[in-house]
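Heads up, the next two complexes both have subunit A, just with different partners, subunit B and then subunit C.
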Partner chain A sequence: MLALLQYLVLGLLVGGIYALAASGLTLVFGVMRIINIAHGAFLILGAFLAFTAWSKLGIDPMLAILLIAPISFSLGWVIYKTAIAPVRTAPMASTVLLTFGLALVVEATMGVIWGNNATSMTPSYGSESFSAGSFYVPKAQVYGGLVAVAVLAVLGLILTRTWLGRAIRAAANNPTGAELVGIRVGSVSAVVFGLGMAAACTGGAIVGVLYSFVPGTHYMWIARLLAIVVLGGLGSLNGAILGAVLFGLAETLTSAYVSTAWATAFPYLIVFAVLLLRPQGLLGVRRREDASAL
Partner chain B sequence: MNGRIGRRLAGILASAGLLLGGVACGSDDGGGSDPIKIGASIPLTGQFSQEGTAAKQGYEVWAATVNENGGLLGRQVELVIKDDASNQNTVVADYNALISKDKVDLLIGTYSSLLNLPASAVAEKNNMLYIEPAGGAPEIFERGMKYLFFSQQATADKQGKAFADWISTLPEADRPKTAAYPTIDDPFVSPNVEGIRSVLEGAGITTVFAETYQSDLNNFDTLVSKVREANPDLVVHGAFFDDGVGFVRSMLKANFKPRWLYQTTAPSLGEEYAKAIGPENTEGIIFAISHAPQAQTPGNAEFVKKYEEMFGGLPPEDAADAYGAAQVLQAAVEAVGDVKDQAAMADWLRQNTVPTILGDLKWDEAGRPQGEFLTGQWQDGKVEYILPKQFATTDHVVMGWQPGSV
Partner chain C sequence: MIDLTRTLAEPRRLGYIALVAAAAYLLVFPVVSDDAYYQNMIILSLVFAIGASGLNIIMGYAGYVSLGQGAFIGLGGYTIGVLATKIEGPSPWLWVPVAGVVTAIVALGLGLVSLRSSGAAFVIITVAFLFLTGVIATNWVGLTNGTSGLTLPLPPWSRDIMNWPFYYSLIALLALQLLLSWWIRRTKLGMGLMAIRGDETKAATIGINLPVNKIVGFVASSVFVGMAGAIYGYYLTFIDPRGMFGILLSVQIVLSVLVGGNGTLWGPVIGAFIVESLNEVANNNFGGGNVRLYLFGALLMAIVIWLPRGILPSVEQLLARRRSVGRAGLVGARIAEGATLSKLSVSTREQRPVEPERVLLRVTGLTKRFGGITAVDGCSFDVLDGSITGLIGPNGSGKTTVFNLIDNTITPDAGEIYFDGERIERLPSWSRAHLGLGRTFQITRLFGDMTVLENVVAPQRSFSWSQLGHIAVSGPEARDAEELLAFVGMRDFRDQPARALSYGQQKLVELAQILMLDPKLILLDEPAGGINPVLIERMAEMIRELNALGKTFLIVEHNMPFVLDLCPRVHVLTRGATMASGTPAQIQADPAVIDAYLGDDFDLQPEKAV
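Entry: the complex of A and B
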């Protein structure tokens, strides 16, 4: 019983961090209908930025988020204006290709700046735990989980309690209608892309404390994050959070009770099964254009 | 207008192509003072980037050393290196391109069994000698190849044998009674761990945990919790670098400190490993290794000095392995006297012993090396060699893993 509790806690903490990492991906899709394949590369960029802050400036990686978030938001805004905006309304295949190319450019840039050797951050709490008997909770996961919840809460407040949030939701639900009532959907999209990149880089700073990384690690992350947002329902922030927690729990419980060999594959089987029953994902909304595409 | 420009451009490109083709043909018929082109595709990005980057450095140190000493057969050496991104499909495409497009004179191997398995088949199909600096999976040598040689001391299944023999004959108070074997699913690592396990089980050490995991696993907390529940005296972890580091960090978080810890590959990556898990946590970790910077082997001092000059610090094992592979290639080329007759080079290697920085290497008919690996241990923040006795750098052995003690 204690072992089950241990695994559930480990799975929930991992899921929380996955949720933060996936939130930007689903947000960008929700507003722009763009599947941003570069999102995993942004995540690893966040890890490298945190590494630089930690190794060169002595700033704790979790605190470095306060620097990384505005920097990455600005970078996201610039990337949107220069690379994404011209193809925002192009067919989805074009934007997928474009963002895949962007991922390769970011990967190569990271390789040039930081090299292709595995990078790790080892703050003192990285190998410590809160423990009671044989039950333990790693400090890094707890801090990372708390930061993830805090950032997601801020993101939630922005979306639900501010004029910007209302504009984002309006642009996501009905871009033409939003334009008609005076919302500049292009500008909103730039802000959303910036927020998405900030969320990815913030998640990356936490991920970098938990796991070692190289520029090429983004392939593994984008596969996992896409599965999470599809499971939760593309475009739904709450869906991404639910999908992430389920994914984290599935990984952990599969490793614990089935086999570690299946730990990374089994969660995808759950995604397939859910999509067979509910193609729009757990909290996704089936739109008119989705139905007409069938 | 556009059509005219296009035709002119095509004309210019065709002329340039003919010119380059002529140059290529000129170098093709071989010899003269043209450089000898040696091709390799190495994992400079992806899963094996750490090890692949070190291997590239090893090749570069060898090429620089050879060129400074007058070249190979009096010709300068030119390396043509591609990045296979740790991908089996890419490595095959790269070696085919090295042969057909880059027209290299010689090939040399890549890093890991996973990549050398398909890459060596390309070389064999083209009747080209293939010396691999890594890739000790036993199955590689069971395909009847004539041009393949592995340039470390032993195949994977025998790399941990010296450690297994040693620990199973310790006095009872120190000898582990139980062992766990968490292992990455890989053609090099799995037989490596199986080789150790068979010796230890034969010595009466009970297996309490044995599971493999996929290479894309990055969260080791659950796996470590399971191993901890099994409560082994010894953990033999079959790993590469990332997972080796991730596993130890998860062990520390879980406050899981078995009496003994043996890992494959990761601890041999020197300072990178110490930085990743914390130097204070390395004390007593044991591993198999092919190269010792202090060894009095032919060319070793020159290699270590040149490596430091070019890249700084002590050479990692994978750089030394690559340098050793290039030494084997060099010996075969010099023995035969040209780069064309690669069948003669392979025959020569089957019949001769080659002195390298890893020691004297010799092979059986299938290209399996017939030597013995070194066993290293982290002691006081640096690597010491404890086995075999004739290559040991210290008589002292730290009796168990002691994280947090340096």
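Entry: the complex of A and C
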């Protein structure tokens, strides 16, 4: 019973980190109708950036987020302006291939800079745990989960409490209408892409403390994150958070009680099941069908 | 010099000459050269060419991107690997067609899961499928021997002709694949897939059963690829998850299609040879690894941004432009007078018996809300068999939404729709089209990339499996379409791409397109909107002529003289509900209608009207 409680807590903490990592993916899709296959590569890039800050500058990976967020936001903005903007109005079939190409380029760049060996970070608290009797939770998991929720809360505040957030939601809801009332959808999209990349990279910094990584790890992550946003409903932020928490719980319980090897197959099975039973996801809405098709 | 310009003026002929030369070279290559390096390279290129040409059916024709095409090669490879190592005795060649069947079954399952919904779901599921197959191949050790892989028996034939069987069987397979691609492009299925790429919602309204067309297309795009994967596996004699389900295998196939030309017959083949050559250079001269990732990634991005149509269409366009310099296109030509229906032999000419007292379409309590707005609010009206009925009302009164509800481009929140005695509000658009419902759009929705003729042969009148295989671009289907084009006066434009037409011309072609369905009821959304007076007159003439043959019309129109002149019965819609129904005279005299819509200075003079 205590073991189950422990897995539930762990699952929730992991779910918080997944939620942060998936938020950018669903946000970009919501505003631009782009499935950003490079999102997993952004996440691993965040892990490598944190690694550099930790190993070269001695900054704690969780604190390095304060540096990584603005850097990755700017990087995302530049990537949008140079690579995504030219095809912003192209059909999704084109943009998904573009971001796929981007993922490979980011993977190769990480391989050139940091090499293809397994990398991991071991901050002082890395091997410590909070414990009460036989109930224990690793400190890194707790810190990671809390930081992720904090960053996510900041993102939520930006989206709901600022003019920028209203512009973003307007652009997501009706790009043409948003243009008409004076919102520059192109600029909003660049900001959203930057925010999405920042969310991925900060999520990556946390993930890098918990697991070791190589550039190629991004495939596993994009599969997992796609499963989460499909589960929650493509384009829905609340859906992604719900999907992430459910996914974190399910994954933790599967690897604890079933098998770790087959736990890797788990995300894909979720995708299949969701698309078969409820294609719009848990919190997704069917869009007005006579408006532009998905 | 003169000869050269003449050859350039015939890009097709030049293309065929190059093609025959390349094919001949490939056929004799292993005989004249025993260079194993180039033989290997050609064998790999052939595998990718088959993969790319297959992918082209779903990605090029139907516009559905699959990032998991490489998994079908892997699936084929594992089929032969598992069977050849588990069952000793029969030649591994026996398992090649089996691999095709296995792949087709898997594609069918995958299609059933993903192709009922939209493109986003399909892309994601193909990625998930690719990774999942890799995980299964790694973890199901009992079957696949895990990461250690499977080793096939060495080929029994003489070492002198080592690669020949692989080489020539792949060439034969590529020929079959191209034949299949070529054939599909000419059938109703091919038209359906291309219509789906152009505009899925519209495709459904002209009777195209979306899931069936897409799933058949997807299975067709996989079957030879699985067989090629099996030959590839036998050729390698070693099969492991990395080699068979690597993501770059899929990337290379996608790239081949894009580089050569998405949606073209030969583009994917040309692309496969180009990309494989680049791949070899990256591997041999630059050590593979990251350079290969850069090559594939950057090429993918560059193509999408700068050359989205690929090499072959771009070259063709360039040559065509050189050829047509100084010559006016047909596009500006006058619309022909138009033939009368009685001179045509198509099925639409046949008189349909009409029962004037019978209700053909009945709408009751139809309601649709968009957020806080109730666009259609308990709307009810009847359309009698054989009538021309008008549906008028102020802007925003819900007329087009009513049309959208009737043909299921949107789903109602409440209410019932009866068509020809059958309740249809739960049926998909294509079933309604099969029952005899045709509809034009306020802003025409032709498939811009298809020619005028292809647009008109695209509709699927009813559903049958064999019908999907009927040739559409020539033969009886095309003859019917041409006659309908002659009726609307657009026959001369048959080979023009629809996007090149003017708005009025598009309206005429869209009418011919839905006439292909041989509909009982035709919904026209502003047939007279935005076109010139002569054409408006012709439009009215055609409507009367079709009506005389038993076609019923429901017309939304703002041009009052047009609609009041044409329609013996008119329904007036305000705020999403029917406020009045009656003859034009009754409507014009109704104070409520005048107040809500016509205005008190409205004065219709039919004798002056069009």
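Convention: the second predicted complex is superposed on the first by the 280 of 294 C-alpha atoms of A that agree within 3 Å, B and C clash if a C-alpha of one lies under 4 Å from a C-alpha of the other, contacts with A are read in each partner's own complex, and residues count from 1 in each chain.
Note that in this section contacts are C-beta pairs under 8 Å (C-beta built on N, C-alpha and C of every residue); 3 or more make two chains touch, one makes a residue touch a chain.
Quick caveat: nothing in here was measured; it's all calculated off a predicted structure.
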Practice task
Using the overlay on subunit A, decide if subunit B and subunit C clash or can fit next to each other.
Solution key: clash
Problem - Contacts of A:Thr89 with subunit B and subunit C, given as first, second, both or neither - result: neither
Practice task
May I ask you to decide whether A:Ser212 touches subunit B, subunit C, both, or neither, giving the answer as first, second, both or neither?
Solution key: first
Exercise for the section: Pick one for A:Phe100: touches subunit B only (first), subunit C only (second), both, or neither. Expected result: second
Exercise for the section: Name the contact category of A:Asn174: first (subunit B only), second (subunit C only), both, or neither. Expected result: neither
Problem - Which of subunit B and subunit C A:Ala265 touches, first, second, both or neither - result: both
Exercise for the section: May I ask you to decide whether A:Thr162 touches subunit B, subunit C, both, or neither, giving the answer as first, second, both or neither? Expected result: neither
Practice task
Considering only the touch criterion stated at the top, classify A:Ser255 as touching first (subunit B), second (subunit C), both, or neither.
Solution key: first
Practice task
Name the contact category of A:Ser74: first (subunit B only), second (subunit C only), both, or neither.
Solution key: neither
Practice task
Could you look at A:Thr122 and tell me whether it touches subunit B, subunit C, both or neither (first, second, both, neither)?
Solution key: first
Exercise for the section: Please write out, lowest number first, the residues of subunit A touched by both subunit B and subunit C across the two complexes. Expected result: 107, 111, 116, 220, 261, 264-265
Problem - Complex contact set, residues of subunit B against subunit A - result: 44-47, 49-50, 53, 85-86, 182, 185, 211-214, 216-219, 221-223, 225-226, 228-229, 241-242, 245-246, 249, 252-255, 272, 275-278, 281
Exercise for the section: Mind listing the subunit A positions that touch subunit B in their complex? Expected result: 3, 6-7, 10-11, 14, 107, 111, 115-118, 120, 122, 126-129, 131, 134, 136, 138-141, 210-212, 214-216, 220, 251-252, 255-256, 259-261, 263-265
Practice task
Going by the contact rule at the top, pick out the subunit C residues touching subunit A in the complex.
Solution key: 59, 63-65, 67, 113-114, 116-121, 123-125, 127-129, 131-132, 135-136, 139, 200-201, 247, 251, 254, 258, 289-291, 293-294, 296-301, 304-305, 308, 370, 404, 409-411
Completion exercise
Within their complex, subunit A touches subunit C through residues 29, 35, 37, 83, 86-87, 90-98, 100-108, 111-112, 116, 219-220, 222-223, 226-227, 230, 234, 261-262, 264-265, 267-269, 271-272, 275-276, 279, 288-290, 293-294
